[in-house]
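Chain lettering (A, B, C and D) follows the sequence in which the chains are written, and residue indices restart at 1 in each chain.
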Amino acid sequence: MAKNSQVIEREEVVIRFSGDSGDGMQLTGTLFSDTAALFGNDLSTFPDYPAEIRAPQGTVGGVSGFQVHLGHSEINTPGDYSDVLVAMNPAAVKANVKWVKPGGTIIFDKDNFTDKNIEKAGYKSDPVVEEKLDNYNVIAAPISSMVKEALKDIGLDPKSILRTKNMFALGMVYWLFDRRLKYTEQYFDKKFAKKPEIAEANKIALRAGYYYAETIEALNPVIKIEPAQIAKGTYRNICGNIATAWGLLAAAEKAGLKLFIGSYPITPATGILEEMAARKDLGVKSFQAEDEIAGICTALGASFSGNLAVTSTSGPGLALKSEAIGLAVMAELPIVIVNVQRGGPSTGLPTKTEQSDLMQALYGRSGECPVVVIAASTPSDCFHFAYEAAKIALEHMTPVLLLTDGYLANGSEPWKIPKMKDLPEIKPPFADKTKIPFLPYARDCETLVRSWAIPGTPGLEHRIGGLEKTLKGTVSYIPENHEQMVKLRADKVAKVADKIPDLTVYGEESGDLLLVGWGGSRGYLMTAVRELQAEGYKVSLANFNYINPFPKNVNEVFRKFKKIVVAELNLGQFADYLRMKYQEFNYEQVNKVQGLPFTIKEIKEKCIKILEGK
Amino acid sequence: MAEQQTIQYTQKDFKSDQEVRWCPGCGDHAVLNAVQRALPELGIPKEKFAFISGIGCSSRFPYYMDTYGFHGIHGRAAAVASGVKTANPELSVWDITGDGDALAIGGNHFIHAIRRNIDINIILFNNEIYGLTKGQYSPTSGKGLVTKTSPFGTVEEPFSVGELVIGAKGKFFARTVDSNIALSIQIYIEAAKHKGTSVVEVLQNCVIFNDGIHDVVTGKEVRDDRTIILKHGEPMKFGKENNMGLVLDGLKLKVVTIGENGIAEKNLLVHDASEPNPGIQYMLANMRYPEYPVALGVIRSVAGNTYEADVQEQIKSVQKDSKIKCMDDLLLSGSIWKVE
Amino acid sequence: MAEQQTIQYTQKDFKSDQEVRWCPGCGDHAVLNAVQRALPELGIPKEKFAFISGIGCSSRFPYYMDTYGFHGIHGRAAAVASGVKTANPELSVWDITGDGDALAIGGNHFIHAIRRNIDINIILFNNEIYGLTKGQYSPTSGKGLVTKTSPFGTVEEPFSVGELVIGAKGKFFARTVDSNIALSIQIYIEAAKHKGTSVVEVLQNCVIFNDGIHDVVTGKEVRDDRTIILKHGEPMKFGKENNMGLVLDGLKLKVVTIGENGIAEKNLLVHDASEPNPGIQYMLANMRYPEYPVALGVIRSVAGNTYEADVQEQIKSVQKDSKIKCMDDLLLSGSIWKVE
Amino acid sequence: MAKNSQVIEREEVVIRFSGDSGDGMQLTGTLFSDTAALFGNDLSTFPDYPAEIRAPQGTVGGVSGFQVHLGHSEINTPGDYSDVLVAMNPAAVKANVKWVKPGGTIIFDKDNFTDKNIEKAGYKSDPVVEEKLDNYNVIAAPISSMVKEALKDIGLDPKSILRTKNMFALGMVYWLFDRRLKYTEQYFDKKFAKKPEIAEANKIALRAGYYYAETIEALNPVIKIEPAQIAKGTYRNICGNIATAWGLLAAAEKAGLKLFIGSYPITPATGILEEMAARKDLGVKSFQAEDEIAGICTALGASFSGNLAVTSTSGPGLALKSEAIGLAVMAELPIVIVNVQRGGPSTGLPTKTEQSDLMQALYGRSGECPVVVIAASTPSDCFHFAYEAAKIALEHMTPVLLLTDGYLANGSEPWKIPKMKDLPEIKPPFADKTKIPFLPYARDCETLVRSWAIPGTPGLEHRIGGLEKTLKGTVSYIPENHEQMVKLRADKVAKVADKIPDLTVYGEESGDLLLVGWGGSRGYLMTAVRELQAEGYKVSLANFNYINPFPKNVNEVFRKFKKIVVAELNLGQFADYLRMKYQEFNYEQVNKVQGLPFTIKEIKEKCIKILEGK
């Protein structure tokens, strides 16, 4: 397609597709992202579903969105504010306009701005006036009528025709960003192989949108974003939940074990169970349990039997698993507990993100009950940390709690696909079949890890359980034995620190301010720090993935900075935890509890304020 | 479950070196004894047994067995056992539980294990009391029972174990008495052989907190007249003189005496444990003294698919057709692109 | 529950000001409608209603009712409701729950509430799917159902709600269809009036994740032939022509046609919902298409003591005899001594 | 009874009765305590049951003990080491001899020291030799044969006769401590009113023991402990579980509410439910739930309905209640959650004591989920703190978690009975019936407390639940609303600090070392501090009962001491919590995790070491 338009180049851009739940915005966003990825941009995406119950059509509650951030250089977040907003109805404008950059482009379907829809969205009058949209580059396209027109001869029913509106809009956006239609057209051919008329209709709508954009003045200039400097390799887009599932699967294969997952559906963790259920091809045993307690208990049974055992959940479900995690600690069985954090407390904001389960992960059990706690920080590194979680669980015979969050779970980004042979070995401490009788709580003197005797192995019959035990597995009420076992279990977990990497600093190793974060906010914090550095501030970032135990060099990292600022999506749980563990430093805090990720702006502002001593 | 093997075990092989710590006179001793005598009959290698339990006096059981054992947390034995069996269908998995463990805190896992028909053998020690916590009423305690938490008598209707099992789609239910070792051995063997969830209710005596609660039915003097031992394919006959029996009277069971009112042995109901429609088995499981004798033996034993076998089979069939054979295949499946 | 009052309400009085947020076409709308139309018939003052729910699409129900309401946590509605009713027996307590809420995570509270026979009215929205979490199979999903967590079909046998209720000692069980508002209203009224735990299973359609799952039975074209509406004291008759019926054939139910093989209306079974022995009701609750029509209406409704009334009564009787009337009495009871 | 023996006076003494589970040691100890209490001694007692399963007769596992500490001045603990040990069999010697003070008196039933029993107890030879009992004052009395002899003519069966052995032993002890038999004899008359021959047999055995002691030389001199200086009033002995139940009952009566308890039995908390079940006379609705989750959920239902709602449990049960506590926080309903701590993690040491559920109490829930946490510190002050817990819950519309422990629950001490009219008022914030519509989350501006509208009240119909809400109770996903509500809930709990008393210091207000404790160790810490003070050390004690929120004067108290030492029965949870909240101080730790309380000796030694800078 020939281009005869003005072209400008940009480093990065944020686009948000939004419309009613039924408008197909998730697919539209995904197709756009895939095309950008194939082109070689780095990118990060985040879907923003409506809250769990379908709100009536046309209302703000029912708006579904998909944000894509793409760029020529490294992209770490789906972006705060968008350059382009596609809004299929008035409610989509209402929900999103505050997230559009001043002067940004807003494309909407004029035909949908009927009085009824305007009212449903909660406007009293024309949204263009009410929202002062004249400050933006507004393109009020008659999308509905144009698809009707374009498809009038194809012989489809009106409903199916209207369903291609999203592709018309996508076509416009492709033109705006100078993208090819090929990938998307191929997708239609494959997806609708059995319904060629639908494939054709979508293609026509897509092209119609593309040409429409070319025709009208409003969309000039075309924005070009050159491919990013990306390491060579094979890539795919991946979201956090799939990456988590795959990381665990990779660990099972590496360890030569079957994978068992016992879980109960809960937003936003369900995707992990769903992916595992689909992985029968890899022999996964996915057990949809009657509740979260059965989820972890079946997994413990599977762990006892020699599987790589997993249970996945979110906040309230983790609360229910508390007692059984205690049993896992006492029995010293390997298990990975994935907790995809969401807005709490209680049912809270189930579809939103938060980092407020940290204290529960660390301490939510009776007695002295330490587990390893790890947090992932991007959608794709969920793979890595899930793999790590499984490796530590198996090699140290301990429950490992992996924290992700709603933002990581649903967000996606391009990911360089690893090769299985390049992943580190996993060697569970299987019991020596020749050493009889087997003493279940005898330990490796260095790591303090007990060994694992799998039922079915002749000669290693033994009993374990939740009562305090001696070396031999005999129940014991001897005071000194109990104290010793409590300390051994604590030391065993503490010794995992010998195996984990040092805390790394993004930026200079010393400076005025160290921004400290953990888990899923990394992208936002990193972008903020990068911008602050560019502005001349002496700011660095340390983002934690290993939370219990901590890497060994924390003190060393911290003491080279004048100020330490802990940023997290809760009221200050990690800051408090640092106060306990590294009491010698003073911690300032940046907190947000809105069910949303940070914006880069708010982090920067807060850091500057602190740097200026206010 | 494992193939038949030729190794010959004796009771002793299943005794662990741990001191048995139940109260002297507790019915649990007899159950242990019967199980240890039943296992050698199964021809399963010792290392293939896994005994899983919850918490309660009865749940200490695995410690006394020289097999793989996992003493879990209160109420969760059925869930843990389900995981064990699903993970490794080769094992012979036993779930040892009490009336509180299985039916109070563990009620949900109990009914769901049964619904799924996972091939585990549940031995439910029903002493109608919480023994370990020293004597509170349980979901099987008879209405009115005075216990530490019901000093004026309970006001709750108890579950009937067999009824709940069948209501949860149960395919195997048997009842025995702790002290009847011979019958118990036989039942444990049948439970083990049954593919699917087997529930065996043991009328067990807690000498300390609920002594003699079953005596009205199981007492030496009365048991022949107040219990009936059901055998598949045999007429339902009982009584000291072996002259009582059960017949169907309309839709209800009725106790009759052979030789009276023209009743002959051939008029008696013949027990069919394998009938899928649970109608009569349901009534048999529910028979209560004094109206009826209490039914012992295998009351229901119906074949059906087991969860773990179906899971295995589904995996096999998916694997046959799938192009994804290993992680590398999966990683490279779907939409990917190369950066060169 | 409260005495009959003379206030006259209409459906509107029970509508809260909150926007109803279920998907357009969801069966839940019809259930809400029917309940809001049933309540005015009860003559209970509005402030005496408490609607308790768990979590699920259906569990949003209390927000739409202008009564006292408590939207709890997943699976615990029966427990919360039991507390509400025991604390204040004057209230008319409704437990709104889904097949996941009541039978998966909430299974234990469900069977225990039923066993205790607490006077709450449980409306179980059975759409055979987890709606709120976007389409995973539930404990009532038919074997083989393809869902997000069973992409190759489930391998689990579902619960039959009526069977489980009766197995848990249930005294009231009814079944209705979301779209049959008239029948539903009648059933909700009967459930409310029944003293003890009433369970109403509503065959509810989830248009989004399990659309049409009940259609094979409840579809407009077929429902007359594939369902039977049971009425206490009336012969079991059904069919478009109203010429089909149920008889007993040995121990099983059999579908017959009136006028064929010498069958007359008087040969049909007459429905007795109040029979304590659940034998036939059990079979009725379990009838499945295509062998049988699916039973609607009140299948079982048997009188019995309720937990909260027995508790009240026990308190009264203890109080009558006790010398301890207040805290000061208690503090000074037993072994005390004076230091002067 | 004339005394012709030498008499010495002592300030305090510790006696331990021990024997087989069937030997009636709990009764023996209780009768002795009651007699001492009636006499006017201050005292503290602690029963020490065998682990949950009855061990075979005659084994160490089956030993049941009851320790009494009585004195002329204030007694704060049941004592570390005993002056007198009564041991009914060899196993009782084996289990207890290490807890007898050097040179102490050991009374045993010689007849029971058969070869079989000696072997069962795990001795290879005569315990007197093996344990080097010649360092003690050993009285090997032929108790069994003497009761047989004394009761040979009374016409009782041999088993019943032997069952009076404990009373023979008790008679000996009475003589030793110069006590009257009257109270005990009256007890027999009452208890065995319908079996006068049993009453008579017990009396005869008691007297026989008394006279026997008088006769033999070994028991000289008689030990006299004068009555303590005790405030005037009416007293009773009370154990922690009963005191807890009664404190809650008193609060219900004061608030004019019915009490509802929803609980599931669990050691060592069951006593609370059992007492409540017995209190039908006061109209208590005790609901023995199917599990802990139903326990708290039924209680929440009752709270919604306007009852004072309570649920009681121990560690693993608290874990199970985590999710529902979250609901209580979100719904802002009053509820008291009593957690009687035991040895953990998991099933752990169920019959033993520990303080290791602190972190779980504070943080064991998903999301930002603050509750008020209070800990009782003596068996009898469980009454006071249970009352306080209920008062705070009701007046602040919040869950309150009351921590006691196995040691408080089963231990007992004399308690001055309060009058109901002297207890503080409790005024729940009932909703104003005239303010319609009722807004469930509208708050008092000062306390931030919402008001309570009870179902059944016309016009106040409303809906609450676990999703995030607005003022009106409408579900809301608005980011700012969520953040505001999270903060309001936190502030509401923080504001409880306005209502609680200052932290008090036992001893001087400044000094070299402040020993800090919390909850149930108070007696031990106080005794240690008192002894250290007597030895000239500048040591004081601050024992916390209000843990979240803290009293307002903590910093003020802490900063007047050179060193702060935190002593607790866990690995340092309270110390860590202090590090978070008062980061400015340095904390040293004394920890013990043996299922046992501290001994005074170990605390003193540790404090002295720290004072001496080692």
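Keep this in mind: a contact is a pair of C-beta atoms (placed from the backbone, for glycine too) under 8 Å apart; a residue touches a chain by one contact, two chains touch by 3 or more.
Quick caveat: nothing in here was measured; it's all calculated off a predicted structure.
Comparing chain pairs A-C and A-B, the larger number of C-beta contacts belongs to A-B.
For the pair chain A and chain D, the distance between mean C-alpha positions equals 47 Å.
For the pair chain A and chain C, the distance between C-alpha centroids works out to 40 Å. Put simply, the C-alpha centre of chain B and that of chain C have 30 angstrom between them. Rounded to a whole number, the gap between the C-alpha centres of chain A and chain B is 45 angstrom.
Contact of a single residue of chain D with at least two other chains is seen at positions 61, 280, 290-291, 293, 316, 323, 326-327, 331, 346-347, 465-467, 475. Among all residues of chain C, those that touch two or more other chains are 55, 73, 104-105, 107-108, 112, 139, 152, 311, 314, 318.
Viewed as a contact network, the protein chains are fully connected, with every chain touching every other. Those residues of chain B lying in contact with chain D across their complex are 19, 21-24, 55, 57, 60, 73-75, 104-105, 107, 130, 132-134, 136-137, 139, 148-152, 208. Against chain B, the residues of chain A that register as touching in their complex are 34, 37-38, 40, 230-237, 246, 249-250, 253, 258, 260, 262, 279-285, 287, 289-291, 293-294, 297-307, 309, 323-324, 326-327, 331, 417-420, 455-467, 474-475. Across the complex, chain A meets chain D through its residues 51, 61, 314-316, 318-320, 322-323, 326-327, 329-331, 343-352, 354, 356-357, 359-360, 362-369, 465-468, 475, 477, 479-480, 482-483, 486-487, 490, 570-571, 576-577, 579-580, 583, 586, 592-596. The part of chain C that touches chain B in the complex is made up of residues 104-105, 107-108, 111-112, 115-117, 139, 152-153, 155-160, 163-169, 248, 251-252, 277, 279-280, 282-283, 304-305, 307, 310-311, 314, 317-318. Partner chain D is touched in their complex by these residues of chain C: 16, 18, 45-48, 50, 52, 55, 62-63, 65-73, 76, 79-88, 90-91, 108-109, 112, 311, 314-315, 318-319, 322, 324-328, 330-332, 334-340.
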